[in-house]
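Chain IDs A, B, C and D follow the sequence of writing; residue 1 opens each chain.
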Amino acid sequence: MTLRVTVWNENVHETTEPEIMPHYPEGIHGALASGLRELLGDGVAVTTATLDEPEHGLTDAVLASTDVLVWWGHLAHDRVSDEVVDRVQRQVLGGMGLVVLHSGHFSKIFTRLMGTTCSLRWRDDGDRELVYTVAPHHPITAGVPHPIVIPAHETYGEFFDIPAPDELVFVSGFSGGEVFRSGAAYRRGNGRVFYFSPGDQKYPVYTQPEIRRVIANACEWARRVGDSVPFAAKVEKGWMLRP
Amino acid sequence: MTLRVTVWNENVHETTEPEIMPHYPEGIHGALASGLRELLGDGVAVTTATLDEPEHGLTDAVLASTDVLVWWGHLAHDRVSDEVVDRVQRQVLGGMGLVVLHSGHFSKIFTRLMGTTCSLRWRDDGDRELVYTVAPHHPITAGVPHPIVIPAHETYGEFFDIPAPDELVFVSGFSGGEVFRSGAAYRRGNGRVFYFSPGDQKYPVYTQPEIRRVIANACEWARRVGDSVPFAAKVEKGWMLRP
Amino acid sequence: MTLRVTVWNENVHETTEPEIMPHYPEGIHGALASGLRELLGDGVAVTTATLDEPEHGLTDAVLASTDVLVWWGHLAHDRVSDEVVDRVQRQVLGGMGLVVLHSGHFSKIFTRLMGTTCSLRWRDDGDRELVYTVAPHHPITAGVPHPIVIPAHETYGEFFDIPAPDELVFVSGFSGGEVFRSGAAYRRGNGRVFYFSPGDQKYPVYTQPEIRRVIANACEWARRVGDSVPFAAKVEKGWMLRP
Amino acid sequence: MTLRVTVWNENVHETTEPEIMPHYPEGIHGALASGLRELLGDGVAVTTATLDEPEHGLTDAVLASTDVLVWWGHLAHDRVSDEVVDRVQRQVLGGMGLVVLHSGHFSKIFTRLMGTTCSLRWRDDGDRELVYTVAPHHPITAGVPHPIVIPAHETYGEFFDIPAPDELVFVSGFSGGEVFRSGAAYRRGNGRVFYFSPGDQKYPVYTQPEIRRVIANACEWARRVGDSVPFAAKVEKGWMLRP
């Protein structure tokens, strides 16, 4: 069955400082969408949505027909309306997958699902990042080299203030000495959440085949499994024994 | 070192429908405080705070000198101000312990730290609850019988929409057939959180010695370990190698 | 791709005390195989193996062409040769799935993969067992009622001495008051292991459609993901940067 | 209460190739014992045991009066008798703590408790190792700098074939680019197990104050909590309701 992915991007770097990301002529969302289409082909239907669209492009109708939402944000987390965040959270708890990328660690939706600050240490010196698999059985790692070599990237370092992942999938090391839990899988309600820390707007990380592979795998892994948010229910004694 | 515990209670049942809880003449907070003093003696300094106090009794000063906050709420979750919830969350992430009891599963602070609905199934037929230890190595279970027998109680049943606990400590079974993950330990930021589902306002659960033991153990386990919320930091290359 | 399942059964009750299990005229392995064929149809190729076959029917060749091994044993754990257990363990670590049923909790292969005693409390009074889902997002729960009602069954109770599951999927409650972590998922090496506690030889549990559904789901979930046991390797500095 | 620690060392490098470890004139066990005494003072009673003693110095009596066993082995894992390994495993499951160091990842006792190969990648080029805390709330990290800088050390790299830790405490990065889950906490039966990957016999790691701090903290964390191995028990219906 076709996997319906919506790639969301704040699209602010692209529209306000396009000179810093010449490698993403179609925007980060465009590059992510291309990667998914390239790897998943007919198995995927990708659409994109951005901050400046009405309701940020994430209406009830869009979300209801989304199996996996991919999220990229950085400068404009605060401009995402709480109403849309509520809506996305409910969709995740109801079974929609969510793949949060890079600076999305500080997005409203990710911090809300985690309950922690999601803060980290960072610097940008173009370090080489090596992304190691620590869960080789995990479907997100299928076909992924050990390690992935990202020639130059922004550095994210520990301590990364997240709940202990349900499954820690990747750990990165940077040439300047930092380490980072770069791939972390969670289940929340009926939904699945994957955080993956590559790639910064300044580096062409989302054109790299191995990174595209991880994100495509993550979308398949996080595929929607239902559309019902867990709810409180008063029951009658013996309810479970009645037909 | 003295463990400083603040017991917070919304104190609404007690003040609006006292006839339903004759077993708690000093309020639920009073009973919880008595239990802690009884078991921890000189090792603990217990204070209480309630919804109707200014800032719900949870000022910055109170929280800064609290090692563990015990939380009981039911009817008035919505009346807890978001500002106080922000404050409590930051204290937990900075290292304060939090012990959430019973209907506190739906409190703002617990759902915020969990990121899920924390919904469950319930009914009130005075079932017998058996609280089994599934983590006998855990300090919260020290001196606790296997199982604890609660002669009559409200029933909570699965599915309980929480993240998979970092440590599942207790599982309860009810005479009507439900099961429930009744003791769940989490770490968030630098702090520790323990959810324990006994006891409802209608039943004298907090006067039961075994239940008091669990809550005293939980307070000791959740003891504050710091007072610094994890924060984002831009670093310089090689920071970790400098004295 | 066809899922290749090998159902292993010690086949001792069937051959020595057939009167106690008239509901399994083809043996427990026969019933399990029928259930898998019924639910997975052309998607599965099921074979069976038993203790009395040479090498217990689990030769290198058989295991190498097995995606998932289903294990049922009870009276004869000690008669399983250590050499075969070594072989099965290596296959699991290399990526073969393993589904351990009921009294298999005490099998050599399960205790070896767990590292604990895997002991539990039990009694046989024909209690009703209710199997509740505590991980509704998990693929093993797809299409499974909440709870499954097993009208009469042997009782298994906590404490069950297993490592904390990587994913706790089911918790059972028994009419006599016990609770039990009845569905527990693990990853070991490249392989996946699922323990599911229903069903005893005296009760026709493996003819019950909901139970068959769980086992079929578990086989799909545990599908082999590789055939390479993790191994120690001395590397050269910079190995990860060379093509 | 005094913490009773037994430091076990195979003591083979020391007795067969003493020239390679001039920094450990009293043996690795001697250095570890000194570190514990230095940091825990009157709170600890440390004894040592080595491979060549009768029963490797780990008699029933010694283990029964040991709260935490620290394990260092490398060349002689195979010379440890299975009977002693059985005994140590039972003590751990009964509540004794176990702290496994460095090349002990391949010891019989550790692989048996893990159920996996515990294999890893390694090289010895004197890399700088940085040991980062990823669980700042964990008592093992109390007073430990972030990161610990080990100026020169053997390199251990992923994939490390262990079960997902119950708590991942440290992640190391090496100057040559590897990363490694260097501090991993487990619970098995009633006991606690901590694996910590520093330090190789060629480097004076166990004289480094920060490393000594981690090991002392680990011993305190793993303190014995009982002396009863979980066991199978047939029960009578209603056992839990009888006084």
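Definition applied: a residue touches a chain if its C-beta (ideal position, glycine included) is under 8 Å from a C-beta of that chain, and two chains touch if they have at least 3 such contacts.
The structure displayed is predicted, hence computed values, not measured ones.
A.B. asks: Could you work out how many touching-chain steps separate subunit B from subunit D at minimum?
C.D. replies: 1
A.B. asks: With centres defined by CA atoms only, which chain is the most remote from subunit C?
C.D. replies: B
A.B. asks: So how far apart, in whole Å, are subunit A and subunit B when each is placed at the average of its C-alpha atoms?
C.D. replies: That gives a centre separation of 32 Å.
A.B. asks: Taking each chain's centre as the mean of its CA atoms, how far is subunit B from subunit C in angstrom?
C.D. replies: Averaging C-alpha atoms per chain gives centres 37 Å apart.
A.B. asks: Provide the list of subunit D residues touching at least two other chains, using ranges where the numbers run on.
C.D. replies: Counting only residues that touch two or more other chains, subunit D contributes 130, 135-136, 157, 159, 164, 166-167, 177-178, 187, 189, 230, 240-241.
A.B. asks: Give every residue of subunit A touching subunit D within the complex, in rising order.
C.D. replies: Those in contact with subunit D are residues 128, 130, 132-136, 146, 157-160, 164, 167-168, 171-175, 177-179, 181.
A.B. asks: Can you list the subunit C residues touching subunit D in their complex?
C.D. replies: 89, 93, 106, 112-117, 119-123, 125, 127, 157, 159, 161, 163-164, 166, 176-178, 186-189, 229-238, 240-241
A.B. asks: If we count contacts the way the header does, which residues on subunit D are in touch with subunit B in the complex?
C.D. replies: 95, 130, 135-137, 139, 142, 147, 149, 166-167, 187, 189-192, 225-226, 230, 240-241
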